[in-house]
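Shared chain: chain A. Partners: chain B in the first complex, chain C in the second.
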Partner chain A sequence: MSQILIQGLLLSGLYALIAIGFTLIFSVGRVLNLAYGAYLMLGGYAYFWVVQTMHMPKLLGILVAIGVGVLAGLLKHRLIVKPLKSDPVAVEIATLILAVVIQAGVVLVFNDSAKIMHPIVNGVWRVGGATVTYNILTATIASWVILIGLYYFVRKTHVGRAISAVSMDVKGAAISGINPDRINMITWGLSGALGAIAGVFFASYTQLSPSMWVAPLIIAVAVVIVGGIGSIIGTLIVAHIIGFMEIISTTLVAAELRGVFTMLLIIVVLVMMPKGLFGRGEL
Partner chain B sequence: MALLEIDNLSAFYGRAQSLHNVSFNVGKGEIVAVIGTNGAGKSTLMDSIMGMVKNTGAIRLEGQDLIGFDSSEIVKRGVGYAPERAHLFPFMTVEDNLLVGGYTARDDIGRNLAHVHELFPVLKQRATQETATQSGGERQMVSVGRALMTSPRLLLVDEPTIGLSPKVCSEIAATLKRLNEEDGLTILITEQNINFAMSLATRVHVLETGHLRISGTPQELAADDALNKAYFGG
Partner chain C sequence: MSTQITWKHLALWALFLGGMALLPMLVGKGTLRTIIFANYLAIFAMSWDVLSGRTGYISFGHPFLIGIGAYTTAILSYRFDVPVGISIPVAVIVTMAAGTLFFLPALRIKGTYFALVTLAFMELMYQLVQVIRPDLTGGTRGISGVQTLTRGAVNGYYLSLALMGVIAISLWAMMKTRLGTALSAIGMNEEAVEGSGLNTTKLKLFAFMVGAGVAGIGGAFYVHYLGSIAPRALFDINFLFTIIVAALIGGASTIIGPMAGAFFLTFLLEYLRPFLPGAERYFIYGSIALILYMYEPKGLYEILRKARERLTGANA
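Showing the complex of A and B:
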C-alpha cells in the first residue's frame, strides 16, 4: 500500500512536469503540439550526449538540454505555427510529421538501440517498506519546484500574466498593449524548455530510445483532455489521477497494461465530458 | 493641431468594405461621439484606430500616422481602448485584469491603479473576484479601468452603455465626464444611445452604413429635422 502511495506520488509529479509544457501551448495557442514528445526526446538525448558521450558535468547536460528545447520550440513557432497562422488542424498534422522526422534524425545520429541513462542522482532511500531511488525523488522534487515556479511566474510577473491574458482573450490582450504573437513565441520557447527538462528526468526514469516521444505525448494529451483547457492546478490534479491509475493498474492488475488505462480514460472523458473535468480557459 | 485626425479612412474585411472615406478630428481635451445603429461601422472605426482592421486613408495621433502599426505599439503611443463586450480576461481577478492593462505603462502602475480605484471604488472591494462572475456594469468599469491603466492620452470607448441599466449608464457618463474635466483626457465614444452621447460630447458625428452623414454640436444635431426623424421618430 505504501509502495503504491509513494510510487504514485513520485510518478504523478513527473507526469505533471511532462504535461505542463503541452498544456501551456494548448491554452495560449489553442493547438495540440503533437511534436511535444519530441522535445522530451531531444532533451534526453542532448543530456545523454553531453554527460555520457562527452563526459561533461551533469548540470551542463541539463542546461544544454534546456537550450535545445528552447531552440526547438522557437524554430517550430517561426517555421510552422506562424506561417500556418495557428490553424489547429494544419499545425497538428505538421507537428505529428515533424515528430516522426525528428525520430528518424535521432536514429541517424544515435542509432535505433535503446540507451540506458545513468541516474542523475545515485542512491536509494528505503521508507516504510518501499524503495525509492534518489533519482526519481529528485525528478519529483524538481517537478514540484518547476511547477510552483511556473505558477508564480504566470500569476505574478508581467510576461506571465500576459501569457494568461492571451490564453483567455487575444483581443483583450492586444488592446492592453501585449503583442500576442510575441507571447505565443515566448510560450513555444518556454514549452520547449519544460519539455526538454521533463525529457531528461523521464529518460533517467525509463530509458532513451527513438520511440520514447510517444508515451509522454499520450500522457500530455490525456492531461489536457481529462483536465480541460489547461490550468496549472488542473494539470497537477489530473497528473495525479493518471499517475495513480497507472501505478495501481500495473501493480495490482498487470504490468503489461501500462498506459492502457490512460488511453481508455481519454476516450471515456471525450465521450462523457467533452470539456474535461475543469473545462475553462484558465491558466 | 487635433489630437486625433481621421482622414479619408476606409476599412475592409476581405472584400467587404465597412467604412467609406470617413474623415473627422478629435481635438485635445474634447469628448467626441460617433453615433449610429447596429452595423453602421462604429466598432470597425474603433478597431481601425487600434490597428486591427485593414485600412486605407490616414489615422494620425498628434500628427504621427498609426496605420501599419500593431495594437501593442498603438497602445504604447497613448491610445487606450474599452471595446464593445469588454473583452476582459474572465478567469482572472479584477485586480489582475487591471494589472494586465499596465503591461506597457509599468512605471505608472501604482498611480494608475490608485486612480482607477478612486474612480470606481467597487473595483477595489471586488479586487479578488473573477470578472466572469461580475455584473455587466462592473465589467464595463473594469474595461474602462483597464484602458486607463495604459496611461492613455486618448481614450476610445465603444458602446459603453450596451445592456446596462440607466443608473449604471449615468454612473459611467459621470466618470467619463470627470476624466475629461479633471484629467483633461480626450475621449472618443461610439454609441447607439443617442441621449447618452449627446449629454457627454462636445461634437457628434452620425455614421450610417460606413458613411459619415452629419456632424455638429449636440445643439445643432438636436435641431436637425432629418436626424430627429431618423433617430427619434419625431
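Showing the complex of A and C:
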C-alpha cells in the first residue's frame, strides 16, 4: 500500500512535469504541439551529449538542454506556427511531420540504439519497504518546484499575467496593450525549456532512444484532454490521476496493461465530456 | 468542379491503368516490388482521404483500421484455416464495424480533439494486441507464414494494381455524384450543409464506412501479400505519418492526389536509397514533406493546377 502511494506520487510528479509545457502552449496558442515529445528527446540527448560524451559537469548539461529546448520552441513558433496562422489542424499535422523529422535527425547524429543515462543524482533511499532512487525523488521535487514557480510566475509577474490574459482572450489582451505575438513567442520558448528539463528527468527514469518521444507525448495529451484546457492546478491533479492509475494497474492488474487504462481514459473522457473534467479554465 | 463524367475522363483512366499494366515488361522485379508497396500505400491514402480529406475530420488512427482488417484475416486464415475467400470479406466487414466505432466520437467532437481520440484508438490497439490473447495475435512478434494469394512479383503487382484501379475508379465515380459533393461540403462548412436540410450525421457515417471499408480491403490484401504481420509495423506513428503525408502531399480531396503522393513518396524513398542509406533518407523525406506542406497545404495537385493556370492564362 505504502509502495503504491510512494511510487504513485513519484511517477505523478514526473508526469506533471512532462505535461506542463504542453498545457502551456495549448492554453495560450490553442494549438496541439505534437512535436512536444521531441523537445523531451532533444533535451535528453543534449544532456547526454554534454555530460556523458563530453564529460562536462551535470549542471552545464541541464543548462545546455534548456537552451536547446528554448531554441527548438522559438524556431518552431517562428517557422511553423506563425506561417500556418495557428490553424489548429494544420499545426497538428505539421508538428507531427516535424516530430518524425527530428526523430530521424536524432538517429542520424546519435544512431539507432537506445542509450542508458547515468542517474543525475546517485543513491537510493529506503522508506517503508520501498526503495526510492534519489534520481526520481529529485525529479519529483524539481517538478513540484517548477510547477509552483510557474504558478507564481503566471499569477504575479507582468509577463506571466500577460500570458494568462492571452490565454483568456487574444483580442482583449491586444486591446490592453499586450503584444500577443511576443507573448506567444515567450510561451513557446518557455514550453521548450520545460519540455527539455522534463526530458532530462524522463530519460534518466527510462532510457534514451529515438522513439522515446511518443510515450511522453501521449501522457501530455492525456493530461490536457482529461484536465480540460489547461490550468496549472488541473494539470497537477490529472497527472496524479493518471500516474496513480498506472501504478495501481501495474501492481494490481498486469504490468502490460498500464498504458491501456490511460488510452481508455482519453477516449471515454473525450467522448463523454469533450471539455474535460475541469471544463475550460484559464491558465 | 465539373460533375459530368465524360469519355475523356474514362479514356484518361484507361490510359493510366493500361500504362501501369505494361510496367512489368519494362522494369525489373525489384522496382516492381517497390511499385506494389506504392499501390497499397495509394489505397491507404485514398481511404484516409475519404474519411479525413473530404469531411475535414482528421484521423490519426488510420493504422488502427488497416490493422483490424489485416489482423482479422490473418487470424482467421492462419489460426482457424478459414479460406481466404471468406476471411477477407469478414475482415472488411469487421473493419467497417470498427469504422463505426470511430464515428461515435465524431458525433461530439471535431478538429484537433477528434484527431487525438483516433490517435488514442491506435495506441490502445497497439497495446491490446500484444497483451490480449497472444495465442491468437502472436503477441509482440505477430504472425508470420500467413497464406499469400499470389506468387512472384508480377502476379502480386497485377493484384495490387487491379485493387487500386477498382478502388480509385469507384471512389472517383462516387465523388462525382451529389453524395461526393455533399461530403466535400462538410469539410468546408458543416453547419451550412446541415442548414441546407441534409443529414450530416448520415453523410459522415457513410464517409466513415466507405473509408473504413477501403482501409479494410487494403489491409487484408496487404497482409496476404506480405505473408506476415506484426504490431510495431502496423500501429506505428511512422506508418500513420507515411499515409497522411502521401494523401496531403499529393493533394487531399482528390482521387489522383493521394495516388500521386503515394508514388512520389515511395520513389523518393527508393531513389534516396543508393545515396543515403539508413536514417538520413527519412530525415530528407520528412523535411521535403514538411516544406511542401508548409508551402502548399493542398499538395502537389494544387501546385500543378496553379502552374497550369499561369501557363494557359486561364481565369485565375
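Here is the rule we use: the second predicted complex is superposed on the first by the 282 of 283 C-alpha atoms of A that agree within 3 Å, B and C clash if a C-alpha of one lies under 4 Å from a C-alpha of the other, contacts with A are read in each partner's own complex, and residues count from 1 in each chain.
Note that in this section contacts are C-beta pairs under 8 Å (C-beta built on N, C-alpha and C of every residue); 3 or more make two chains touch, one makes a residue touch a chain.
These figures come from a predicted structure and were not determined experimentally.
Asks: Which partner does A:Val214 contact after superposing on A: first (chain B), second (chain C), both, neither?
Replies: A:Val214: touches chain C, not chain B.
Asks: Examine A:Ser164 and indicate which partner it touches, taking first as chain B and second as chain C; both and neither are also allowed.
Replies: A:Ser164 contacts chain B only, not chain C.
Asks: In the overlaid three-chain picture, which partner chain does A:Ser176 touch, first (chain B) or second (chain C), both, or neither?
Replies: first
Asks: Would you check which partner chain A:Met1 touches, where first means chain B only, second means chain C only, and both and neither mean what they say?
Replies: neither
Asks: Let me test your reading of the model: by the given contact rule, A:Leu252 touches which partner, first (chain B), second (chain C), both or neither?
Replies: A:Leu252 sits against neither chain B nor chain C.
Asks: What residues on chain A touch chain B, complex-wise?
Replies: Within the complex, chain A contacts chain B at residues 155, 158, 161-162, 164-165, 168-169, 171-179, 280-282.
Asks: What part of chain A is in contact with chain C in the complex they form?
Replies: For this pair, the touching residues of chain A are 31-32, 79-80, 83-84, 88-90, 92-94, 96-101, 103-105, 107-108, 112, 214, 218, 221-222, 225, 254, 256-257, 259-260, 263-264, 266-267, 270-271, 274.
Asks: For chain B, which residues are in contact with chain A within the complex?
Replies: Where chain B meets chain A, its residues are 50, 52, 70-72, 75-76, 81, 83, 86-92, 96, 99-106, 146-147, 149-150.
Asks: Enumerate the contact residues on chain C facing chain A in the complex.
Replies: Answer in residue numbers: 56, 58, 60, 104-105, 108-109, 111-113, 115-117, 119-121, 123-124, 127-128, 130-131, 237-238, 241, 244-245, 248, 278-280, 282-283, 286-287, 289-290, 293-294, 297.
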